[in-house]
């Protein structure tokens, strides 16, 4: 193996650049060359490929987004397109590929491997919704952004004795909501993995008021419903001075936390190690604080499970 | 004069607590006592009043919101209610009052002064929409929060080559939008004080694309329309990959910037100085980098004007 | 069990307040009462003890330092003092104790348990130097502060093509240095657990220069030597435009990261659970992403080991 | 005029890049070309000059340091060197120059103008020590960094009831110390422009203790003495649990605040306007919230004065 390609795919996440840097530097350290592929699979097909060097990988570890851009490219589901992609890679002398992205991006990587071209996936998404990894690259940064926002909202909530329904990202996963709820000392946390009764939410707010705390924060995962809908449902149950707010895309950007940078760096290094061993079709994860890899096929059969112990903690403390 | 009352009124703003602290410490320094009034005019009527001391004013300079709470109380427009308020103040031996809030709060302060009870207003609002002051307490912090958010959104905008329409606060004023637009290097800035043509916005985005920059940020003041409406209007004019996002209440909270803390502190000290001179019915401002005061009556006849030179700068650079 | 005491001891760390809150709320949730003990073991002896309620635990999750204060009290090593401490606890009807602090604080907790009074320890220190836990409460926050500082220093290093020797905290442990070194993309990382040759450091800087990067960041753990000493040692080996900087006590303060808040909260809840089961003399940790407890005696026989895989990553990428 | 050169000189400061961007974009907007000169006057002599375009000025507004690098070059005090510099500028077809830096950099700019080559200076330094401007580019960002650090140090100071002597930057000017002291609610502020008695500092700390506040923060400008020296002087006067800390170079880096970005942008635009009017030898400043220019000769005869009203505020509140 002489040349490793690297691309980012799917929604951007803080830490992707740290992973790109790690692959590039590790490759150089091993006497290999790293090639960047812009715009994910779309750029692969288009041959938007360039030689990375220390320079291109400098000063990116602390930058949000992805310097390799990202783009949707559903066409890559088709075999001829995949083969064309391999052709492009070979044209540049690239022998193996690292793809950073959500599980959507993994399908392409698996197909390439099945066609004999080793590709390895890194879990890059703020949603933390990928199986076989406790943390995805970007989750901690998004969590921090959401928590900072909740801290700010609480200032106003307390000053005006209002209740904020704060909608956070996570697609169908409740991880950001659950963690940010605990970190933000939310009065309640609503996630898609658990049913809720609106009466129970109202009861919590009322009990907080009875204790003398007249404001509240409810953290709502976007996978449940919108903040506005939720507020509308809750309104008839009491005079909570509700305000609905949606944190939105800010959760996707910003300088990655130290945690995400370290995670992304370790995963990037590990991917190069595995490719050098001739492996492919693998998804890298961190489980029980150790780097692991799993066959992508197994991953597609699995489902990410949020940490229900933490959910219980959130509920216990927000009684 | 022996006792000074202090309250916050209207929407909360970062720096209000710094002003509360400054009034309290300055009063103590001058051998006076400071009394906190909770919940603005509502708390005044209800007699929710307590003696402040160094302790209550400690550790609050860096906290968002207001430790004195805030509440709406339109009833204070009625004279009997105002007289009842003065009665309450006298019951606690309070001789003069500092009110921190938007220009709504100033009306009450003026009425009190007209009834012979000196009150002075400090401009506390993120909107920067109060006449006779270049900066209101809270504006710089809200601007910083908006700018940080725009930095984060640009990460995603660039990575995915999208255009974000970012709706910022400011009520009817365009100051936050204009400053955050310049600080965030926005491709365009839309404020209520200036008409705009949607075609011109589209033209700017297209010219940026022609130069090779395929993403964009448009900062929109909430006083114009919502981000969603704006995006809908813009959509027919080109393939800009539009996303609408509303920063929302986070702009109101958070630890005040150093600038806001210093401004609030200086204004709080100045208010005590003026009250000690027997003055009342005044609104404090900073103009041309100097503390000034104006008669509140003059203020109600005036209108805040955004800095049109800065608007021109925003437009010139975003060609 | 009816009443749980809680104290902080040793150096303060971000997240201690989150743990205090968690113990208090969890206790309330279980129908128990929580009592705060100010100034660690010193306050215990002095009877500086008060009933915590939701109020005292409100609004503290995001605050640095410890609302319960901390103080040194070496006298607690003596048995009569320990027995006096138990007397005080019983006077307040307290049945069990949670101590948050470094391993110094654990000795007192173990003695209390040996005298029949159950006490459980939570690892609260930025240094990450406690055995049987992958992360201590405060480590992630200190790491983030150090990383932010390194990002800032790099701006100047690059602009002026200088090399900064950045001394970070950690006492005898290299964890902050190692993690911050990876997160800050340092050109080299020096920790007390590994010998280094100054010639190798110089060689790395020279090789970076040869590649075109003329500035550098060397992250140095305080347990090795001071930044000034290190710079002096390095100076003869090349024209690196060295600057020595010591981040200092800022690493100990500040709002805890979301990660630390969640960790502290989970540990606090777990401590109450264990005390309710009648357990004592235990140190709580998180290992392999799971909450664990260990006998304090075992802990004193062990030594924290930094993650040498991560050290290798740091070295590989900084070639 | 067809081509404007731009360089940064002296110590780097946050906001320099925003000024570089503003000059570049404004030049483009006016149909001119902008040329970047690396490494200040050293690069000018060496001909390290390149055409800037929208691309090079993109994504830099929020980055600390200077993308144009900076370097010392005392040789530029000699006339032959100056003439050689003009030769280089003419070789690239550059007709006028913007220099961003401290007043050291202004001397070179004045000489160029005297030789018939128009040059204009922007005040870029965190120290706020340039005459004829209320704020320099970078001051607000450094102030914010210092204030954030003080907030963090206060966490530990309070938790352990210690007194921190915090040394901040500013060379011979006390502005950062004074503003950060007010913003950080320091118990005392020591600046080079005002003598102090160590007994008075001790008295303040003692009076704070008498009021029940047992910790303290003293902000010390580096122009007075080092934190360690100061602590040593203060130690004999009471048991203050002193700790000395030096914030150091972090104050020079980091993403500029919104305030600094706007200031730098406005100044950069203004510089191009003035050069287009054929002016040179001018130093731009902001005074009384308005952009102004002054002859550099006048500036060299003047001395920056800190705002003594603010100093009084600091002292009054820290009684």
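Of note:
Letters A, B, C and D mark the chains in the order given here, with residues in each chain numbered from 1 onward.
As a working rule, a residue touches a chain if its C-beta (ideal position, glycine included) is under 8 Å from a C-beta of that chain, and two chains touch if they have at least 3 such contacts.
Which chain is which protein? Per UniProt: A, B, C, D = ATP-dependent 6-phosphofructokinase.
A quick note: this is a predicted structure, and the numbers were derived from the prediction, not measured.
Identification of common neighbours of subunit B and subunit D yields an empty set. Interface matching across C-D, A-C or A-B places the copy of B-D, with more than half of contact pairs shared by residue number, at A-C. Most remote chain with respect to subunit B, judged by CA-atom centres, is C. Subunit D has its Cα centroid 39 Å from the Cα centroid of subunit A. Centre to centre, using the average C-alpha position, subunit A and subunit C are separated by 27 Å. Centroids of subunit C and subunit D (each the mean of its C-alpha atoms) stand 35 Å apart.
Residues of subunit B in contact with at least two other chains: 151, 154, 158. Going by the touch rule set out above, the chain pairs that meet are A-B, A-C, B-D, C-D.
By the touch criterion stated above, subunit B contacts subunit A in their complex at residues 8, 11-12, 14, 63-66, 69-71, 145, 148-149, 151-156, 158-161, 164, 243, 245-250, 252-254. Of all residues in subunit B, those touching subunit D in their complex are 21-22, 25-26, 28-29, 54-55, 58-59, 61-62, 134, 140, 143-144, 146-147, 151, 154, 158, 179-180, 182-185, 211-213, 255, 257-259, 261-262, 265-266, 269, 287-290, 309-310, 313, 316-317, 319.
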